[in-house]
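Reviewing the structure listed below.
So that you can tell them apart, the chains are marked A, B, C and D in the order they are listed, and the count of residues begins at 1 in each.
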Amino acid sequence: MLSGDPLLSGQIDLAVVLIVLLKVVAVFAFLLVATMLMIWFERKVVSDFQNRVGPNTAGPFGILQTLADGIKFFFKEDLIPDRAERRVFILAPLLTVVPAFLLFTIVPFGGDFSNGHDGSVELFGHTTYLQLADPAIGILFALAMSSIAVYGVMLAGWSSGSKYPLLGSVRASAQMVSYEAALGLSVCAVVLTAGTLSTHGIVVAQAGSGWGGFIPHWNLIAAGFVPFVVFLLASQAELNRPPFDLVEAEQELVGSYHTEYSSIRFALFFVAEFMNSVTMAAIIVTLFLGGPAGPALLGPGWLWGIIWFLLKMTAFLFLFVWVRSTLPRVRYDQLMDLGWKVLIPLSLGWLLLLATFWVARDQHWNGFVTVALGAVVGLTGYGLLKGAIATSKARRLEGVVD
Amino acid sequence: MTDVDAQDGEADTPTEIAPETLFGTLLTRSHGQLVLHPTREEYAGLLATLQADGYHSIIDLCGVDYLTNFSRELPPGITPERFEVVVNLINHREHSRLRLRVQIPESDPVLPTAFGLYAGSEAMERETFDMFGIAFEGHPDLTRILMPEDWIGHPLRKDYDIGRIPVQFKGAPANR
Amino acid sequence: MTATHELPTNVNQTSEGAQELTSAGVVAAGERLRELGAVLRLSENDALLAEREQVSDDETMIINMGPQHPSTHGVLRLMLELQGETVLRCKPIIGYLHTGMERTGEELTYLQGPTNVTRMDYAAPLFTELAFSLTVEKLLDIEVPERAIWIRMLMTEMNRISSHLLFMATNGMDLGAVSMMLYGWREREEALRFLQEVTGLRMNHNYIRPGGVAADLPDGWRDGVLRLLDMLPPRLAEYDTLMNQQPIWRERLQGVGAITAEECLALGVTGPMLRSTGYDWDLRRDMPYLAFDQIEFDVVVGSFGDCFDRYAIRLAEIHESMKIVRQCLENMPKGDYRIQDKKVTPPPRARIDESMEALIHHFKIFTEGFKVPEGEAYVAIESPRGELGCYIVSDGSSKPYRMHVRAPSFVNLQSLPHLMHGSLVADAVAIISSVDPILGEVDR
Amino acid sequence: MSNETRSTGGLLESGLEGLSHNFFTGTLEELVKWARRHSVMPATFGLACCAIEMMAAGGPHYDLARYGMETFRASPRQADLMIVAGRVSQKMAPVLRQIYDQMMEPKWVISMGVCASSGGMFNNYAIVQGVDQIVPVDVYAPGCPPSPETLMHAILTLHDKIKNGELTRRKGEGAGLVVEQLGPNGPVPVTLGQG
């Protein structure tokens, strides 16, 4: 049903433009408010974990704290250091914050997916999805955008003309590039399971209940638990959230890439970081937890879609904050080890395994033999990897002693 | 201590009680603590002897400026000088301490460094140099440690003004 | 320091001059060996190794950490030469908190002295007061009453607990475990509450004075101690769950910044750092002062000398201190809390109202102070950071002729270049933290 | 808004005076002050004993986070408030001044403890006798060290100051302090807060 999105229906009239504008405004506003609340939520929840009260003077329960921060930063003196590369210095925060906004466009945030519905809603006589855009390459777009955000961080550090930011930007590029791979591979598993790149398609594929009717058909189960875990870890690294917040590691690199940034430019980094948290939670929900899919109880189905979506997202945001307040920061080399030696091999192996099973099912191969072969190949691969790591380590130590 | 009471020095002056010595250096006791009084020339050799004897760790090294106190009590044969460098050593095996007091004349405030034997003396000697202007010959990095690099004078010397500024009550209403 | 401060072009602005860490190519071979070996003598073989390790200037970067940096524990400044993220050389620069306390100490009477020295180690102020008072008492040749001794032990051990809790907090913070920091503060606040009940101040107590302590323990002090003793064990178990049982924490600390006992002794390093290498040395047990010879407690030693051992030892020492506090609670004798020696002690408040002589005496003691016979003495105690010594020279007047404090942090800091060689920037932060320097004590 | 009675410095005087009576700008001013008051981000600038108490004030018993102040910024560029917590030595003074200069307007300074305020008991060669010789101070917190409650009182006082003060206070006028800085050719008097 291609006409699900008005823009693709071929006949563009005023209503279509209005619907798209409405959705743009709604998504923009939602994202801003969600980010504002996320910052407040994080500060409050972390306070709770630490037996503190948290912000409570700005507005009721301190809920306007982020607003106060924003206004203050907006009215603060701005400075571009003499040694900074002027144009890049100005460009960098925008390069982080714009992708953060764009990332959310492909997230389906509502719609009725219960009882075989496909999540479409009727607006002004047009059928549309509750998602800003549904390009056929959906999830690739998300990966592309999150990669572009890396450039913002990298350029910010480089253009500051100072050493701590430079160190931070070097860390950022290495960290994000290596975790991008793990992220992409775990997304591949989802795409393989859902059979489509479109985020809407991925949600539809997960809608309804399988396995006896009470276990949801989520990719968390369908694609296996491993891609989910890999994605969760890699996304934390991608977001620079603790325990993988090496890029900003205040105790080591002061402010790292944003050390030289002040006023609204710094606020943009700040906002982008939390906006990315919100978006990443939304993407995890979309990829693995069926997005807005869930049973509709009372009232209109599309509303329940939004409610389910928000609930699932909040659960992940809470998880993020929980992890932040519990774990110390990992070290740079440990982070790299985790990325290259654990997450990437693991997600690659799992992807191959998953693909084998799909092929085996289609070709009606003997299930037992397939599993046994898969296990043998997997174990061999694991052994080889171990051997390779051990050899390289031995070589390195030898080199030091030499 | 095995040889605290050993009279290493031969009784040169039979009329007087021979001064107590340890490792060939004059020994006194201050409130039950053992104090050695090596000369500047003996200092480096004594440290080597002591380290071989089990005093493995340097605990403290500091200077004292006796500008106004030349009449202090010292064993016979030791002329009081303006500066003293006081070194505290510890013997972990015998649970004992030793203190060395070396007289340093004002005209030539130099002492060989203990750095070669006790690496831990590095910062202490720098501090003593910074505060008293006593130079340590052979020290690898004899620069100021506590005061700014371009500071003039050595603040813990007795003739260095403490730098007290009279307390002012700026802007206090005085309409009485 | 951030921003503009670390670039070589700005070096002169900070008037650091020769304290600057110069790039490796310029440094003479001898000095380079010294730095690489962290002022330890290198064997011929090591020297050759170091020679081969020479890297070209293009690959390295000199970076300035501090004096205003979130994890340098105040105003410590480090010059680091980095190759990528690896620390090749490190030079600690101190003096940014130099307060001239040793000079000020010469201007204050012996009675005023503790006010001055208590501000050195502001995490464990009672220890400096104790070292000062013990030295003055040694010069005076007086014995303080039993009760004063036990009060001193009780209070210093309480202070050791609060100091180690502070370490737990800052160590957690430096490694990014922010919650640990807040938990550390939470418990420390409870310990401070007791100290405040007794001394009237949260920090810088001026409680232990020559001749005894400033005031007797208040009514109900036992409840305060017991409350803390009951509260701490479950909280410490929480730390254990939060930190020790967590792989990231162990990975971050184990094997990082290792040092051997020989190196520690050569550098004069004392305290938990020395014990972490497995060297069994604690002044409380091995050269007892106060009444520590009458007390049962264990000296906790590590085995690897790394950051984790230093952390674990401090955690365990909290338990040991609680043991000591419990024994102080049981054995606290009755009697005077300060020596009843007219020369040293001011008359009690009640007598001032009755007797003119007492008033004059009181006035004289607080204006002129008491005279201390000529001589010199050095007394050392075991502070939470190591051997804290005080060396006082008296010329017979009522003010010290020279007052010198042997600060453990000052000496322990010398080990930094050695600990940091070859570690990563993130390790550098963990190492500074594990040395637990208090800059007030380092710079005095 | 009773803006008629007070002189509006800087921005508003430069051709915008008439607007200060306007409802919109008046409200905007209130809004900005409100925001600044509730979002004072301190720089991590601990020096001595007071720094411990400053950190303790961020701990669970006192919790500076209530005022939105748990966000200690390590980079002075992003900080609004410098809490000079502890004694300032002669060696530290230039560094302190540099960090103050690196902070962006509007910025405030709390001098925490007697050592920072007046040198305290250390009236000697090593300690700057009052940090107000180096940077303009807004609030002095007494005590040695001030307890967290005292610091919180100082912060609330600062909030009051922000609320009742001028929006663009320092433009041009500065604190009016003259100090001598050592230039390459001897001492150069510098008036703080200008330029």
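The rule is simple: a contact is a pair of C-beta atoms (placed from the backbone, for glycine too) under 8 Å apart; a residue touches a chain by one contact, two chains touch by 3 or more.
The structure displayed is predicted, hence computed values, not measured ones.
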Selected interface, B-C versus B-D, where C-beta contact pairs are more numerous: B-C
Approximate Å spacing (C-alpha centroids) for the pair chain A, chain C: 46
Distance from the mean Cα position of chain C to that of chain B, given in whole angstrom: 23
CA centroid of chain A to CA centroid of chain D, Å: 39
Interface hub residues of chain D, defined as touching at least two other chains: 59-60, 74-75, 77, 90-91, 123-126
Residues of chain A whose C-beta touches two or more other chains: 50-52, 250, 254-255, 259-260
Shared-contact residues (touching 2 or more other chains) in chain B: 146-148, 155, 162-163
Overall pattern in which the protein chains touch one another (line/ring/star/complete/other): other
Every chain pair meeting the contact rule: A-C, A-D, B-C, B-D, C-D
Interface residues, chain B side, partner chain C - complex: 30-31, 33, 35, 56-60, 62, 64-66, 68-69, 72-73, 86, 88, 92, 95, 97, 99, 115-116, 118-124, 127, 131, 140-141, 143-150, 155-156, 162-163
Chain B partner contacts - residues on chain D that touch it in the complex: 90-91, 118-119, 123-126, 129
Touching residues on chain A, where the partner in the complex is chain C: 46, 49-52, 81, 83, 162-164, 167, 171, 242-243, 245-246, 249-255, 259-260, 324-334
Complex interface listing, chain C residues touching chain D: 1-5, 13-15, 67-70, 74-75, 95-101, 103-104, 115-116, 119, 122-123, 166, 169, 182, 185-186, 188-189, 202-204, 439-440, 443
Residue ranges of chain B in contact with chain D within the complex: 146-148, 151, 155, 160-165, 167
